[in-house]
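Scroll down for the structure; my scribbles are underneath it.
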Amino acid sequence: MRYEAPQSVEAAVDLLAGAEGAFVLAGGTDLLVKLRSEMLEPDLVVDIKRIAGMKEITPEDGGWRIGAAVSGAEMGEHAGLVADWPGVVEAAGLIGSTQVQGRATLAGNLCNASPAADSVPAMVAANATVRIVGPQGTRDIAVIDVPESPGKTTLAPGEFIASVFLPAKPKQGGDAYLRFIPRTEMDIAVVGCGVSLVLDSAGKVTSARVSLGAVGPKVMLVEAAAEAILGRALDDSALEDLAAACSAAASPIEDKRGTVDFRRHVAGVLARRAAEIAATRAKGETA
Amino acid sequence: MVKVRVWGSLAEFTEGQTEVEIKATTLRELLDGLAGEYPGLRPQLERGISVAIDGRVYNDSWFTPISEESEVVLLRRLKGG
Amino acid sequence: MALDHSDKPRTFKVVGTRPPRPDGIDKVTGRARFGADIVAPGMLTGRVLRSPHAHARIVKIDTSKARALPGVKAVVTRADFGAVPEDVADVIDNCMAGDKALYDGHAVAAVAASSAAVARKALRLIDVDYEVLPHVTDVDAAMKPDAPVLHAGRQEETVPEGYSQNVMSRVEFGHGDIDKGLAEADRVVERTYRTGATHQGYIEPHACLATMGPDGQADLWCCTQGHYMVRNTCAAILGMEQGQLRVTASEIGGGFGGKTVVFLEPVALMLSKLAGRPVKMVMSRSEVLRATGPTSSTSIDVKIGMTKDGRITAGFAQLRYQGGAYPGSPVDMGSMSAFAPYDLENVKTVGFDVVTNRPKAAAYRAPGAPMAAFAVESAIDELAKGFDLDPLEVRLKNAAREGTVASYGPTFPAIGLEATLEAAKAHPHWTAPLGENQGRGVACGFWFNFGGDTCVTLNVTPDGTVTVSEGNPDIGGSRASMTMMAAEELGIPYDRVRTIIADTGALGQNEVTDGSRVTFAVGLATIEAARNAKREMCKRAAMIWGIDEEAVEWVDGAARPAGPNAGKHDPMTLKEIAAIASNTGGPIAGHYEVNAEGAGVSFGTHMVDVEVDPDTGATKILRYTVFQDAGKAVHPAYVEGQFQGGAVQGIGWALNEEYIYGEDGILQNAGFLDYRIPVASDLPMIDTVILEIANPGHPYGVRGVGETPIVPPLAAIANAVSEAAGVRMTDLPMSPPRVLAAIQGQKGG
Amino acid sequence: MSQIHVTTSINGDATEFLCEAEDTLLDVLRDRLGMTGSKEGCGTGDCGACSVTVDGRLVCSCLMLGAEAEGREVTTIEGMATGDRLHPLQEKFIEMAALQCGICTPGILVAAKSLLEKNPDPSEEEVRYWLAGNLCRCTGYDKIIRAVMDTAADLRRAS
């Protein structure tokens, strides 16, 4: 294995495009586990942390551009980001331990392409995009379009994610992410749910995005769930419908982390709880 | 004679008795006596047993004295963690 | 044997205080050397190739390509060990598979190479021709007559007809007449309980460094609970004399029973022998989980009868424990301990030891007892609640006490169960209010505690300090306890004594650090060694004073004339006597070697509050209190630590920990990510109440305390969760999917 | 395969080492630099026994390549005491018996020190969540949490 730490995007693209079995190293919290378990044996690892901008959070069009090597801990310390997208920041903050937070990144969590990745449903609910650089230049795509199947992304050889973009926070909007794990920390999500919504002055939902993780081969945007609450105040009946839509949309497998029935049911429970938090935030209250 | 209580599944090898009498003044004599009187017990004795004498557990100390009044109970060999 | 020297109630000066442990600074600065922390010149790296199949015949192993790889210095398979004595045959087969690989992760070959990278590559070059066989991992399935058989023809004579050959033995304990007792009951609970297999979960993976020379002498450094056991076992396997193998115990990063057997050590020695160089082997976490000792998973039928005023009229349990790939599950311990806390007229337990295609179970803290207690204490709780009786009162009503004929046979001497129950009843925890979806559970637990072969040597240095050498690895502060007992006995300050763990060349045989034996047995030997040294020092003082040694006594760290007839002499301190040791006959030491039999049994009662989320089935532990008899707490902080650690291991077992096997017999969760031991944020503080009912078999009244604390938690938590969830939980772990399904099943039904 | 030359600072000392590209920082510390205070309990970032700080940030040294340490400032358990003076956390852990076997202790101390530098007055819940990635199998965490809270209180009083 070779290790390179290029100083520019171009140099990184050249390295990645020029080698079979090349992998990007940002936080490394997934990559190193795979190296260790001999799941991966790369010829080349390209550390992108020394490229300018990769460790920066910058305001853009009212939203935030987050460099691909920004860690969860750094996001949690950024007051502006926390104020606008608390759900995304919390989701990133749920990945692993404090130690993992010191390294793990949004881009890495996304490119690992696990259906259970915590930050991905939150980013999908927030309608985040990523900027991909590669031999063919630069392109922006929606976060939801990055994962293809468990462990696989739609990125072409030589491409990597340079940054994640969180759009301007809608006025009277709020987001939240909740996951279910058996312990209080250190587990992979058995179910994850991201909700981002906007309320009108009467407290009715004017727009919503609801996403689920760990209940299908990739993170899903549940449009039926958003429709279930659109135009409604988040009363018990609206929340019941939201939960039912999420449970119906879930198509989980049974594995060591949970059963099919459990995941379906809990998808609804989390959606309901996350929507209530998002609504509280949309009203400008803290939750 | 010392009265010795054996655990349930050993009674099969002591003609159905859960209490047998053995002439013994020490643990060693007791074990030898048991093996002599009840050859069916030998496999278990060879695998190792513990013996409770007046409520205290002994594994190997042959010359632990046993009196006729002693309460003697055979136990499966104890193991710990 | 001088066991009956229990002193009258006495006041202690050092024992019962909380001094800093002697190895404290090493452990907080990173200087302490654990199993993997040592190197040797010219050292090679050893690695193990493991079976990817749950059950397979090993048709052929071709190691030629691996041997040809540059940097590979030795390759070992089972064939290199040849025939071994019968009593270690299963041991070596577990370390290196023979004809068959019996579980996922079973070692089949090992290499020693110049680097880890070369060793890794070499493993891939070993061709193993497997004939895959049908497998069985579930205990009940393995007992069926048509189950795939692991070992043919090894069944004990105790097993009746009609069972698979996987049932290796059957035991039965008890007295009275179960049917008669059940007939007297106002209600009978009959249920089946199941527990998952858990791992000891020590944070330090197994590691060792072996050096063997062409002269047949060998040195081994390893993390183990018993380096004398390692020596004896490895010597037997390798056909060596025990005296030729010197084993040094490293600091040990947790064991809990899992380091009472060998895994890497004989392999490392064989690799070193063949390579002619030191070989270091360190397991990965996944190797630890796949191939070292977990516990049994169990299936237990219980039938208990109770009168409406809370008297237990009969208790029956049939216990089925799978012990992995080789015989020896702790089902006998479970069967003996199941009803031990109770004074029962009619009691019977039947146990079956079953083999399955899983790693061989090793001891885990009170091996066999927690599962049995889970079943019995759950059923008692259900009966008590059914009659609307206070579960503590019911336990008090039936509690074993001095004079009770234990369910496993003997009559109890003074024991502390009632004291723990009374303490629990009086504790504010018992009457604290509970909220919605919350429940409180209690349960009792019992453990035997052991003694065993023990040696201690105590040396007095010329400047009057004292060194104690003991042969049991210090797994949780025992050096501090030994130092305290030596200081107490000698009447000198704690900081004038230093205790070390000696290697196998320095002392005689020592039993493994297990069975909660160390503070009891090594403590006893330390006290007796100190007494021997005192006797010698009194003799030296007598020489100086020109009086009979019988006329000298030892008080407060000094020799004094024993009475007015001995004459008037100023006391001679230990320091003064040590200074003239060369002039009075030579160096002063005391040593003591004993098979310390007669350990005192121990009881505990646990109380726990939980909250269950009815929408997700998740359980949160809100409050936890441990009540246990310690005999005499030598260093109370470490006694509390044992109580707390045992309780939390029990919490893990009750809620989340389990070995998960796929249909293919492959372990699904061989890592700390999905083998979920409790983390700090899962828990509240664990409160402790230490009771002290002196053990008459120890000079200071000490009882072992390490194992009992893991016995009650499974049932205590199950009783609390059942109350909070409104449905009786009978299967462990009570993972959220299982609890949610039970809640929903209850609603549906 | 040629080795990578890395220049870094470890516990304030300028340090150079050669490593393989696949060597983790933990491999380098333990096997190349002889600093065995950081422990490997899992190799997958699940146990925290290998905790160190890199440029002041708490990380698992098993989840970082040695090569990534180029130009960084690494601190390990070996750098926690100052000369013959233990760090207050180290003293407190001994005093309050916050360790049994001691294998997790270095990682927990490094993590706790990092917490107290960031938050001198943590609640019990904050300490528990901060240390959730440091597994301890012996103590049930009780005495560890108390020792960290107590040290924080001592340090606040002293400042």
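Letters are used for the chains, namely A, B, C and D, taken in the order the chains are written, and counting of residues starts over at 1 for each.
In this section, contacts are C-beta pairs under 8 Å (C-beta built on N, C-alpha and C of every residue); 3 or more make two chains touch, one makes a residue touch a chain.
All values derive from a computational prediction rather than experimental measurement.
Q: Have a look at A-D versus C-D and report the one with more C-beta pairs in contact.
A: Comparing C-D with A-D, the pair joined by more C-beta contacts is C-D.
Q: How many angstrom lie between the centres of chain B and chain D, each centre taken as the mean Cα position?
A: It comes to 54 Å between the two C-alpha centres.
Q: Hey, how far is the Cα centre of chain A from the one of chain D, in Å?
A: The answer is 29 Å.
Q: What is the distance in Å between the mean C-alpha positions of chain A and chain B?
A: Result: the chain centres lie 67 Å from each other.
Q: Going by the contact rule already set, what residues in chain A reach two or more other chains?
A: 37, 184-186
Q: Give the residues of chain B that touch two or more other chains, as numbers and ranges in rising order.
A: Residue numbers touching two or more other chains: none in chain B.
Q: Spell out, as numbers or ranges, the residues of chain D touching 2 or more other chains.
A: 20, 22, 43-44, 46, 129, 131-134
Q: Name the touching chain pairs, please: which are they?
A: Every pair of chains meeting the touch criterion: A-C, A-D, B-C, C-D.
Q: Please give the residue numbers of chain B that touch chain C in the complex, ascending.
A: 5, 7-9, 12, 18, 43-44, 52, 54-61, 64, 71, 73-81
Q: Could you please specify the touching residues of chain D with respect to chain C in the complex?
A: 20, 22, 30, 34-44, 46-47, 49, 76-78, 80-81, 86, 90, 93-97, 99-106, 109, 125, 127-129, 131-146
Q: Applying the document's contact rule, which stretches of chain C touch chain A when the two form their complex?
A: Those residues of chain C that touch chain A are 120, 286, 615-618, 655-656, 660, 668-669, 672-674, 676, 678-679, 681-682, 735-737, 740-741, 744.
Q: Under the stated contact criterion, what part of chain A meets chain D in this complex?
A: It is residues 1-3, 5, 25, 28-29, 32-33, 35-37, 45, 47, 49, 71, 73, 96-100, 102-103, 184-186 of chain A that touch chain D.
Q: Touching residues of chain C toward chain B in the complex: what are they?
A: Interface residues on chain C, with respect to chain B: 1, 156-158, 170-175, 200, 256-258, 260, 330, 332-333, 336, 348, 350, 362-367, 408-413, 447-450, 452, 514-517, 595, 597-599, 697, 707.
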